[in-house]
């Protein structure tokens, strides 16, 4: 993935699979979120602490394309890149690909904003993460 | 919602809320899915049976916009409309709005396809649901 | 159920079912928790507020017996009774039974304690709920 | 843990935490299940395949004691031992302990049975796993 700045390994857990025997589409958002939070920790940010303060990161938009179904026991890699969009939006591009054949499983574009006291908060402080990295 | 053909009532359950005290963004996909499956049952389709046969409905794309955070105990309504897009795609438009003030909580556009023996299966059989309704 | 003081209706949602096509055993704990929290609200307590204060209700022990598997679309009733055990423990007895034939699905005994500043807090304030009821 | 025959490393994911900021008690059953299924794979069994055949492993009883709360980012180890109880029951003893200080987080006793065509199936075939190990 072009501009990938972080990767995280995953393995499907059986409880994540549904009646169809594949990972339920909602679970992918868990994978994407966990990847972002681990990325943030890797650059010294902590989601739990950020939330304990008054500055709330919120997902504003999530766009996911599902290409191949993940099955019980599948190992896959989650990677991300990040950019800003205007004063308030941060965009994450996130891919999952299967380990054994590098096939793309799913792609996501996640738009985040920051909210303090019910108002949007400029994302510049956050984007500086990119430069630190 | 224009063209709404089905509504379902929900109430937030505490275990759906995360560290921030609001419903985690992945859970919305559960709400949207449950609404679609209940809609299907209401017109005589059964997701579990469909899957037990060889015809697999799959989410191909999910686009969600989050507008207001759902909190512990919030009551909300989930509604949907449905249309086709070409030979294979079925598009669901889904809204959640809060019961007490009719505020839109989230909007989704969910694209589904049908797969039989690893091949796309025309969606015409499915769209006829609309006409039955 | 002897001494039942609260009941709540549920319907299985497909995303709660796993590869076996039945509700995953972990999800039952969600059902039990949601029932307790709705019960608490019904007597004027609020779990989210309790937590926002410094008094944390914690599950200390959970004992669940699974008798019949819940399947896609099953409707069931969740009921509970409550008692104290010593100075600190509150015991919930919780049953799920299927609506159509009143068959017991699962039984649970949930032991809760209250923690304030890392110390156990006497449960008397909580047990008074019973009397109010 | 006496008689431990398998261990698996975990790290708490933020979406597993609830309003209290700790891992929700239902999620522990996910951890316990995933550990058992990984153990089974390690001895050549596959839960998904077992289920695809007609032989259904079912949790009959789950008894969990929660000792310390898991928090965002905590790393912990899940370990298990296994034994039989009579002709039909298999008992798993499962512990979770925190990596940094070896504190016990939770203990579980999980009783499983096997069902084929709605009847209990003797567990001897399964217990032989132990001897293979």
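Note that the chains are named A, B, C and D in the order they appear, and that numbering of residues resets to 1 at the start of each chain.
Note that contacts are C-beta pairs under 8 Å (C-beta built on N, C-alpha and C of every residue); 3 or more make two chains touch, one makes a residue touch a chain.
Model, not experiment: these values are computed from the prediction.
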- Task: Return the chain pair with more inter-chain C-beta contacts, choosing between A-C and A-B.
- Result: A-B
- Note on the structure: Whole-angstrom distance, CA centroid of subunit A to CA centroid of subunit B, is 22
- Message: From the mean C-alpha coordinate of subunit A to that of subunit D, what's the distance rounded to whole Å?
- Response: 28
- Message: Taking the mean of the C-alpha atoms as each chain's centre, how many Å separate subunit A from subunit C?
- Response: 33
- Among subunit A residues, those touching two or more other chains are 14-15, 17, 19, 21, 24, 26, 30, 33, 47-48, 72
- Query: How is the touch graph of the chains shaped: line, ring, star, complete or other?
  - Reply: complete
- What residues of subunit C sit close enough to touch subunit A in their complex? 14-15, 17-19, 21, 24, 26, 72
- Item | Residues on subunit D engaged by subunit A in the complex (per definition of touch) | 13-15, 17, 21, 30, 33-34, 37, 41, 46-48, 71-73
- The residues of subunit C that touch subunit D in their complex are 19-20, 24-27, 29-30, 33, 47-48, 51, 56, 58-66, 69
